[in-house]
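Chain nomenclature is as follows: A, B, C and D, assigned in order of appearance, with residue numbering initiated at 1 for each chain independently.
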Amino acid sequence: MQQFLDTTLGGLVLGAVYAAFALALCLIWRSTRIVNFAQAAMAMVTTYIALSLINADVPYWVAFMAAIAAGFGLGAVIERVIIRPVEGKAELNAVILTLGLFMVLHGLTAITFGVQHRGFPAPVGTSAISVGDTSIGITPFGILTIVVVALVMAGLVVLFRFTDLGLRMRAAAFNGEVSRLLGVRVGRMLTLGWALAAAVGAVAGMLIAGGDLVNPAFMDPFVIYGFIAAVLGGLDSPLGSVIGGLILGLSLSYVTGYVGEHLAPLVALGILMVVLLVRPSGLFAAAAARRV
Amino acid sequence: MERLRSIIRPVASVPLARHLVVALVAFVVAMAVIGSSSQYLQTRYAEMAYFAIAAGGLTLLTGLSGQLSLGHGALMAVGAYAATLVLERTGGETLADVFVALLVAIAVCAVVGVVVGVPAARLHGPYIAGATLTLAVAVPRLANQWEVFGGEQGLQVSVPRATDLPAWIQDLVWFFTAVEIDQYSFLAYLGWLLLAITFVALANLSRSRVGRRWRAVRDDDVSAELAGIHLGRARVVAFTVSAMAAGLAGGLMAMNVRLTAPGAFTITLSLTLLAAVVLGGLGSLTGALIGAGVLAFLPKFATDLGESVGLSATQAAEVTPVVYGLVLMLVILLAPAGIVGSLRTFLARSPLGSTKEKTT
Amino acid sequence: MFAVEDLSAAYGPVKALNGVTFTAARGQVTAVLGANGAGKTTLLRTVSGLVRSTKGSVKLNDKDITRTATEKLTSYGLSHVPEGRGVIAELTVTENLRLGGLHRATGSEPMPVERVFELFPRLGERREATAHTLSGGERQMLVIGRALMARPTVLLLDEPSLGLAPRVVAQIFDLLRGLVQTEELTVVLVEQNARSALSIADHGVVLNLGKVVASAPAAELAADEQLRHAYLGF
Amino acid sequence: MRNTARRAVQVVCVLTTASLLAACGAGKERPSEDGTAVGVTDTSIKVGAHFPLTGPAAPGYSEIPSGHQAFYEYVNDNGGVHGRDIEMVVKDDAYNPTNTSAVTNDMILQDEIFAMVGGLGTPTHRAVVQRLNDDGIPDLFVSSGSLQWGDDPAGSPMTFGWQPDYEIEGKVIGQYVKENMPDAKVGLFLQDDDFGEDGEKGARQFLDAQIVDVQKYTPGGSTDFSPQMSSFKSKGVDLVIGFNTPSYTALSQIAAQGVGFKSKWFYSNVGSDPALVGGLLASMTKGKIPAEQGVKLMDGMMTTEYIPGVDAPDDEWVKLWQKVWDEYSKKGSEKLTNYRIYGMSQAYTFVQALQANGKDLTRESIVETIEKEGASFEGPGLAPFRFSEDSHLGISGMSVVEIKNGASEPLTPVLVTDIGDAAIEEDDSAASDVPPSSGIPE
């Protein structure tokens, strides 16, 4: 029972980060109909930027903000310079392009920062919280992770539901031409979409890295797990992404805890295939069925 | 001269015969080049051969039927483990053992190809990319599940010693290259022989009715379906063929590396294969060969280059993936047809090229 | 005043517009008519900058807007209502309308969403509905209402009658006629349904194969039997 | 036909280009076998080894080759061995067996090394043992305690171990725990390969009844061990014995804290360096706390020791290593660490073997020398080597120590034993060896 509780709590924390990451993928998908396979590498780069700042004695939360800002800038530049030419072209092109970007960012980070594992600090404790005599399987940092992800989601809801900017971004994503006719600067909105997504990705990177070792490959599992979480929720639906992330986090935590860590990717593949073949528009699709 | 033409013309007009001639010429040249190379270079050529086989299968799939697979690293793993387990049982001391192992690797991969291809046929674009990428990560981890695969440290692969090879092969090689065959050159010859055979088979297939169907499916699946082509079936066949090539490549890789372990089949391997076919030009076998050559020889050059500009050894090792990544990006942004495709367009535009096109 | 002069455009080698010239007067409805493929929609898309013109100019109140970016036109007071009932299906009715008001004509007062609901009470009843649940007529009301939110002086309408029942078309055209009078709008109405269009238009322009073949007061066009048979299909 | 010809030309062009390109970089004639050994000239000996310079096993282990190289330079500057300078090629395999196979291939065919000395890692080196033995290349002093380097001299005649094997380490740990903590509920934390397997084998000789849970990890796999630690916690484990590499010591500590699992810890020698693990822990835990405090987290952990380390600066061997390191470290700012001492100690043994071999050096002769004389080599090891024609296993014993303030305090005298059911005996004889005044073995 104790193990089940610990595994569940661990899965929730993991799921929260998957959710944030899936949310980032979802933002990009909505704005440009592209699955960004370089998202994990971008988040890794911003996390390294934060690490260098922390090692230069910059306070943790300043570095955290710097990572978000760096993500924002990186996302904007990448959309403008690299992605814009393939927007609206054959979807294979964008897939190959983002995979190439993944390799380049990966390699350049390794060359710049080295490939060794480095410790990454956490702003709060990473020891389990005790209630009376028994400790429960969640740490202050785990709680912080969930809170931060919840804040990010709340922020995005406010942005998209209640602000004019959010309305412009949604319109640009759904129907670029009509939006242009209504005066929306669609190009800017798409850039902003990528920038926001990369900033959310940067948050996910910081949350994964905290209290753990980082190396240039530390975000690699997110290339597939983030994608699966997003597809699970239906790529188009931010709420779906969040729920997809939590489901995936819990599933993988149970698999790792009770069966074996090495089977986690296989289970993830199984989940993905079942969703794609049985419910192609995702578990929480609102609109018409999508073509997979 | 006229008589010569009359002999050549029928050969040239039958695709199979034409491909056989090209392959034969290429193989003889390859033998000569391999025979006169150092042992180190022979290992590179052997590597180039198995990469080319895998890339050939992948380029056929992606270029002709429009399906992008990032899971070919996993299929190579399946082929490698199949061949390794067979060699472990048979002892791997004779040429026959080697061929049995490779045939089993191909057969197993054919089955896996169908199993993966059926669901994959229903996916497209980013979905099939994500699913096959997951496959590439998941399959090698199965080695940790069952004892028989040897876990993380993998299985050793035994290959025949050169002296155990049939005498006629030893003589033949000596006759052609004036150098005694050894283990390294043996693996290089074997690789190039199988490469030639594979490419003839693949080239023929893409020229055949099956190939035309694949192209139809790639270009416009709705019309293809209206024209009576069974979409799913065409895609599954394409996937299976390309899985078989990956299986053969995996088997050869196992023999060359002499170890089969999950650590060999990383995401990077799959992405690297993709880089090879994109660089050469999707759908082009010549392109796949060029791409494979780059895969086999680039790492050393890129690493040396990195070290010469003052990077440490570990940093320099990262130059290679950066180059692969840049290749993927630049080809997509600047020359989506790849090297071979761009050359063709260029030749077709020049007056020389256009007359050539007419005569063929 | 809205004027198009010698406007040409092409899709690759195909000339879609070939020296089109006409003027739309303030407070009037100018109908652009012609068969399918005559270049009507291309004309509007070229005016909006969605298709690049190869020659000629577009003037709005004597200001040259030929090369103005599409996104800026609403601030100049020009609203283009695209064909195919270009609602943004994923947004609600209110959101669509709000979006329309975000980039108004420079110097104009914001228009309350309620004003549109007064004009189109049907939309008011469905204000929180997602646009893809609307009927064809409702969608057409929504895009017109949305365009009005930008306080335009010139309204370009692309095939508002497409796929609608005659009763609904009549209803929408009535509303349009009313708007032109109360808001002093300049309306360019592109229509295949020439009979209905001419019934509310002041002036008519007939296109064929990208060229203007006739330009005359609406009543004159409606009376020209030969022209009607050749180009207008009634 | 033109088409055919063009195709053929294309293919030939590709091949030719490839060979030309390759020729610029690596065109070398195959080695000639005319009596002199490959990699040996009158003035030099070239050796090579694979180490994880990158990846999760790199922390600590990547420092070992710098110890080797510093000691070789020291020897070279003092006249070399029989007039020959020692040159060492180091290749990174990132602790991935496939890479090991590839870089070993390069070392054999491109660098043409005489012998491999100190190649690191159980799963990694296992991948190349057969290859090295097939090609008759001496494979000396593997940096790993797996049994396979030494328990089958007939099968792998060219391969020699160096450090105590994991089975005898498991036995020593097992006996200590059984005698001193008979009520402990033991959980094993194992690397999922021969490393963990050999250690488990030794420990089970004494602790079979006390082991209540076994958890494994894959190097290069997940770095989150919360599930494993949760399992220990739920099974009531109060003593964990870990056969793992240093990063995984840090990661298991973090995961244990994360799930609130409290226990005593006993890490095998390879995973226990207090300075390294402490530093990793410090940087991973709360904010920026100094490494010394991270080292404190290691306090009370137990491990074993078979060569003197940096915490014994007055030891004669450590004084020698300090002197060599101060003079020959490539980057003066870096400190002497236990891993560099490990490398220098191995290098010392190799130089010792070369000296004993005499001037006529071949691949066969060096193997013969170590088999005949290796057991009497005096060196930094606390216990003697077991080298003979029947065993290529390395150092025969160790003492159990407890970590306090980043230093180790002996809990037992040196305990010497062998694989199988050989008895464990106290034997301090080799611990009193001191280095020759020149610092170079004679």
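Criterion: a residue touches a chain if its C-beta (ideal position, glycine included) is under 8 Å from a C-beta of that chain, and two chains touch if they have at least 3 such contacts.
If you're wondering where the values come from, they're calculated on a predicted model, not measured in any experiment.
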{"item": "Chains touching both chain A and chain D, listed by label", "value": "B"}
{"item": "Other chains in touch with both chain B and chain D", "value": "A"}
{"item": "Centre-most chain [mean C-alpha coordinates]", "value": "A"}
{"item": "Most distant chain from chain D by Cα centroid", "value": "C"}
{"item": "Chain pair, A-C or A-B, that carries the greater number of C-beta contacts", "value": "A-B"}
{"item": "Distance from chain C to chain A - Cα centre to Cα centre, in angstrom", "value": "43"}
{"item": "Computed distance of Cα centres, chain D from chain C, in Å", "value": "79"}
{"item": "Inter-chain centre distance, chain A versus chain B - centres from mean C-alpha coordinates, in Å", "value": "34"}
{"item": "Inter-chain centre distance, chain B versus chain C - centres from mean C-alpha coordinates, in Å", "value": "57"}
{"item": "Touching two or more other chains - residues of chain D", "value": "54, 218, 221"}
{"item": "Residue numbers of chain A (touch at least two other chains)", "value": "115, 221, 262, 264"}
{"item": "Interface hub residues of chain C, defined as touching at least two other chains", "value": "none"}
{"item": "Pairwise chain contacts under the document criterion", "value": "A-B, A-C, A-D, B-D"}
{"item": "Residues of chain A touching chain B in the complex", "value": "34-35, 37, 82, 85-86, 91-97, 99-108, 110-111, 114-115, 220-221, 223-224, 227-228, 231, 260, 262-266, 268-269, 272-273, 276-277, 291-292"}
{"item": "Interfacial residue positions of chain B with respect to chain D in the complex", "value": "8-9, 11-12, 18, 21-22, 25-26, 29-30, 33, 37-41, 43-45, 48, 141, 144, 151-154, 156, 158, 184, 257-259, 261, 263-264, 286, 289-290, 293, 296-297, 300-301, 304, 313-314, 317, 356, 359-360"}
{"item": "For the chain A and chain C complex, residues of the former touching the latter", "value": "164, 167-168, 170-171, 174-175, 177-186, 287"}
{"item": "Chain A partner contacts - residues on chain C that touch it in the complex", "value": "48, 50, 70-75, 79-82, 86-91, 95, 98-100, 102-103, 132, 146, 150"}
{"item": "Chain B partner contacts - residues on chain D that touch it in the complex", "value": "1-4, 6-8, 10-12, 14-19, 21-23, 25-30, 53-54, 90-92, 96-102, 105-106, 109-110, 122-124, 126-128, 130-131, 192-194, 218-221"}
